[in-house]
Amino acid sequence: MFELGVVKRNISRADRVAADTLGRFGASTVHEAMGRVGLMKPYMRPIYSGARISGTAVTVLLQPGDNWMMHVVAEQIHEGDIVVAAVTSENTDGFFGDLLATSFMARGARGLVIDGGCRDVKDLTEMGFPVWCKAISSKGTIKSTLGSVNIPVVCAGMWVNPGDVIVADDDGVVVVPAAMAVATADAAAKREANEGEKRAKLAAGVLGLDMYNMREPLAKAGLKYID
Amino acid sequence: MFELGVVKRNISRADRVAADTLGRFGASTVHEAMGRVGLMKPYMRPIYSGARISGTAVTVLLQPGDNWMMHVVAEQIHEGDIVVAAVTSENTDGFFGDLLATSFMARGARGLVIDGGCRDVKDLTEMGFPVWCKAISSKGTIKSTLGSVNIPVVCAGMWVNPGDVIVADDDGVVVVPAAMAVATADAAAKREANEGEKRAKLAAGVLGLDMYNMREPLAKAGLKYID
Amino acid sequence: MFELGVVKRNISRADRVAADTLGRFGASTVHEAMGRVGLMKPYMRPIYSGARISGTAVTVLLQPGDNWMMHVVAEQIHEGDIVVAAVTSENTDGFFGDLLATSFMARGARGLVIDGGCRDVKDLTEMGFPVWCKAISSKGTIKSTLGSVNIPVVCAGMWVNPGDVIVADDDGVVVVPAAMAVATADAAAKREANEGEKRAKLAAGVLGLDMYNMREPLAKAGLKYID
Amino acid sequence: MFELGVVKRNISRADRVAADTLGRFGASTVHEAMGRVGLMKPYMRPIYSGARISGTAVTVLLQPGDNWMMHVVAEQIHEGDIVVAAVTSENTDGFFGDLLATSFMARGARGLVIDGGCRDVKDLTEMGFPVWCKAISSKGTIKSTLGSVNIPVVCAGMWVNPGDVIVADDDGVVVVPAAMAVATADAAAKREANEGEKRAKLAAGVLGLDMYNMREPLAKAGLKYID
Amino acid sequence: MFELGVVKRNISRADRVAADTLGRFGASTVHEAMGRVGLMKPYMRPIYSGARISGTAVTVLLQPGDNWMMHVVAEQIHEGDIVVAAVTSENTDGFFGDLLATSFMARGARGLVIDGGCRDVKDLTEMGFPVWCKAISSKGTIKSTLGSVNIPVVCAGMWVNPGDVIVADDDGVVVVPAAMAVATADAAAKREANEGEKRAKLAAGVLGLDMYNMREPLAKAGLKYID
Amino acid sequence: MFELGVVKRNISRADRVAADTLGRFGASTVHEAMGRVGLMKPYMRPIYSGARISGTAVTVLLQPGDNWMMHVVAEQIHEGDIVVAAVTSENTDGFFGDLLATSFMARGARGLVIDGGCRDVKDLTEMGFPVWCKAISSKGTIKSTLGSVNIPVVCAGMWVNPGDVIVADDDGVVVVPAAMAVATADAAAKREANEGEKRAKLAAGVLGLDMYNMREPLAKAGLKYID
């Protein structure tokens, strides 16, 4: 949040296999696998439902009402990246639309996560370019003031370093620090393996109370049943 | 809102036929049939559109960031129930996901109404388990502090007693007290019978001004037409 | 905002061809073509996605919790109009539902823009009558206090005169003053003609940095690249 | 929330001594003494700081934009009452000002708690008539539609029965059911007696970690100290 | 809202005596005297309590994050003016602080009404320069993009023409069109004359029910008293 | 945001003189001196007006509804510190009151910045212990789940490292990274030295337009004056 006017070209991206694998599990499972941390605020919503992506973050810090740096970040996108855009103050302007999406897709981006507004949502939906944002707005922006590219940013309440893994779907957006990507992918895989069996039991009518052995701790905590 | 650590097992549910019938009319018609009362706050939104359900309420009072009581309430669900979850303070954590939904469905629940967050919305949509909530969030919860089950609760600004009828669809969530269920179902049926004829007239170009005889009261109230 | 109890019958509508044409470009392009003005607040959302309409505004000023004037405005609708409804204070009640929509459609209305609540959204979706609103709510309204019809109103932060052109789609709602309709349609057409070529270049991997000649001004503003 | 057009004249008020005593402890202590329940939503704020009151609730249910029932409830006020006003939908209009406050004071009311707007705040401050509300607004209201007086209401997320004790100060508004008033006053007195000693220890530099014996449970929960 | 890059130098200000007089009555009385219209949204709050001002509006339209036009509007201020600032999109940056206030005061401004953020609130309080705003924020702004001065603007949901009268106090901000200033001042004076007598009666215990003859219309509307 | 259950004991605090000096300039000047960065979201408000503090951050990450770690952080406070508290999800519970404040003061803390709720505000005001928070709420918390102490946190949208300088006053809360503290104090001093002269000129009626030589760039940008 502290260096304006800087573009970092060489960033260290998280392990590619881990970055790709994490998307399979989705935001909720990955968030749990990290120990229930890493989640952006729930006001971040997808512009269309059903998308689930993961990739490595390239970051951009924008000024309110100004999308100049979106063109600068485009050049820094590698295949498999997700752009994460923060703004220096609260602003819902439409920083991003179908032309920028065309450019981002051509560079290999898998999606955009922006703590601001987005427009051309019908076109973006038809193009299949997913965006998580805090508002949808036609409001145009100018190209006048410098921000930065590939510096650490706070986006929707979560710290993002360039190269971190982003996992985004209908449940929200999770950030996995690059150094934790492989371990988190393993932990998520274990969680999921576990869930199939649990799901079968619950579907058969077994109660979580029994499956998780909760009756005793509940009684100990003082839970009383009355008729 | 005042007894913590209590599970009431035997509750008196509203008339089953009335509870099932009310869903046919939808939230808006039922709300009108009750005399324009009973509606939860409009921030309660369905996780997918198109669902319309009714059923009898089993209630649960949760603590912020803690979904322990969701497992306790599961055991109290009967076929045809809808779970209504309140939280002791404002909190958008993801108290509910696909595993709990599997359990709730196996017990016969028709849906969940929660004044908090929900996750796994893609899975819930595929399972066809509708949820009305105030946020979608991956944020995981703990299992540590007691709330209560089947006590009266305030959910999204509306008082809900266990056994009351819940009607929920794309327009929102309405609560019908158990004692008023039969009368409300009758009143709703009458309203709807009425609406077909009105709709036909309006479709034919008749104005509400004339159909409802509003011209005279409007003139009396002082309405002036100018050119 | 200042005359209550008045219905203006003869209003001067914007050029019909321009009003119809503007919808083709959508809210974002029209907003840009006007010089980045004219946009309602982004809390105005469509009740279903995919609709894109334009038309001439008939306006109505409502009182909180009271939809009496909706019946009055119905009579003033001409083929190709869009009803724009403001409320004298903040209120999310369901001022509009399927019966009024039936009447509005019969009169030739293309949609409704309301700075308040809407209900019967499932029916409205099936009827194909699009509504942009700030809330969805079953809450019923009364018919008791006068507002006005076809006076200038402020709706969702934007000034609307009766006869202005409204353009609404998934990106939001834009107001084009009647006197600017033709010029704006021309400007929008030019913008769009331009965009095809740009899109092709960007899709081919050309960067906005180069296409818009941004590298020099960015350097002049002090942008530094580091490794 | 379910009976409109009704005024209940005889209500059973909580024990007067308990109702008066509870105000001494303030909202936070009383809320704790009840087992951490009974609190209205934190958006309820006093119009001026420093007031601390308690009293017995007389309740009123208003319609949006309509303060007719405020005049009806005035007649039902006894010495030592606090008026609690709910609205059937979200609305910030100025339902209450200096004239009504003059009337309420003359009837013996100690304050107003309203899930809506208030005006004339400068006059009310000078008169020393405290109000907790969700908005300050000059917006005038009409007198047209019935609500009810002295029925149970939901105000700012909390259930209030006529006769319950209300405790309100800078920290918020707490509702104590009439039947729990005496016991809660006792519990609050005990809590407070306790606090003096604790405060002295903490002021002397003793840590809560030691005073509450938290070091062992923290270690058991896995807390690690690193340098 | 539609002309950018324009400064109108000669505006027609409302009658000076009326503009000065209106402040005596305050926002709520003036709003009522206008027929319950003219009020800005209640999120507009004074930075300190107790100020009550009136004056003639000079208007300025700002761009998000940019306060360049604040310096342009300063030159257009006459003795007795109040600056009304709108922003082209939602933005809470600190557009105004003690240096600009020094300049505005030197030009004869009585206060500022801004649909955005303000800073240096401690200094402004000490200087006695009142500001009504929607946020307090240190966030600095740039000076890069043109807006306009003395064009009609929408500020906090209300239409303001340069030269209109602004009345602002602890209850909010009201706009009186220049053409209505004299008549509104007269109507407000009548309202206030009336209130003294009413207040005395209410203080003596007379009920509004009787003073306003409400018992019969309430009974006619169906109000029932029960014991 | 990523390590739970950890207390870091030895942190490197910013230069003491710089940390103390920065408070003299206040949040707005320091924010500007840093290049317009470092500011927390404007929803962070002081519980009483007039306080202006600076100090070195000790950080704590809390769980929703749980203030256990507040007791853990108390032990890590040094003379001249300010506690900065983040929460793992959005929650307005009253995590902090007069007993904890007594303990924090005894340890030498100058204030608290918390992205959550606070209570006992009357007592805290009398004690002169300033708190910046996002809500005031009596809601009690439990002591059940581990967070961390002195890890980097995101508080109200801003990254805070233990040892950073916090500057807080009526305008908001600014974070100065420890490494930038001395340079920022110098820059702030220069800014302020500059301001006295500017203020005198503006008070004498000189316009910013002239003092900052804005007329030419405005004309170049296309600003037009009309009569």
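Order of writing sets the chain letters: A, B, C, D, E and F. Residues in each chain are counted from 1.
Convention: a contact is a pair of C-beta atoms (placed from the backbone, for glycine too) under 8 Å apart; a residue touches a chain by one contact, two chains touch by 3 or more.
These numbers come from a predicted model, not from an experiment.
In terms of the stated touch criterion, the partners common to chain B and chain E are A, C, D, F, listed by label. Rotation angle, chain B onto chain D, C-alpha superposition: 180 degrees, expressed as a multiple of 5. The pairing of chain D with chain F is characterised as different-residue: of all residue numbers used at this interface, under half are used by both copies. Two chain pairs, C-E and A-B, are compared here, and A-B has more C-beta pairs in contact (counted per touch definition above). Distance between chain centres (mean CA atoms), chain E to chain F: 31 Å.
Averaged C-alpha coordinates give centres for chain A and chain D that are 41 Å from one another.
Separating the CA-averaged centres of chain A and chain F is a span of 27 Å.
Taking each chain's centre as the average of its CA atoms, chain C and chain D sit 42 Å apart.
Chain E has residues 36, 39, 42, 88-90, 92, 137, 139, 145 in contact with two or more other chains.
Contacts between chains form some other arrangement here, matching none of path, ring, star or all-to-all. Contact annotation for chain pairs lists A-B, A-C, A-E, A-F, B-C, B-D, B-F, C-D, C-E, D-E, D-F, E-F, with touch applied as defined. Interface residues of chain E facing chain F in the complex, by the touch rule stated above, are 5-10, 48, 68, 70-72, 74-75, 92, 94, 97-100, 102-103, 105-107, 117, 119-122, 125, 135-140, 143, 145-146. Contact residues of chain B toward chain F in the complex are 63-66, 88-93, 137, 139, 142, 144-145. Across the interface of their complex, chain C is touched by residues 26-28, 31-32, 36, 39, 42, 45, 49-50, 52, 169-172, 174, 195, 198-199, 202-205, 207-209, 212, 214, 218, 221-227 of chain B.
For chain C in complex with chain E, the touching residues are 1-2, 4, 34-39, 41-42, 88-90, 152, 154, 157-159, 177, 180.
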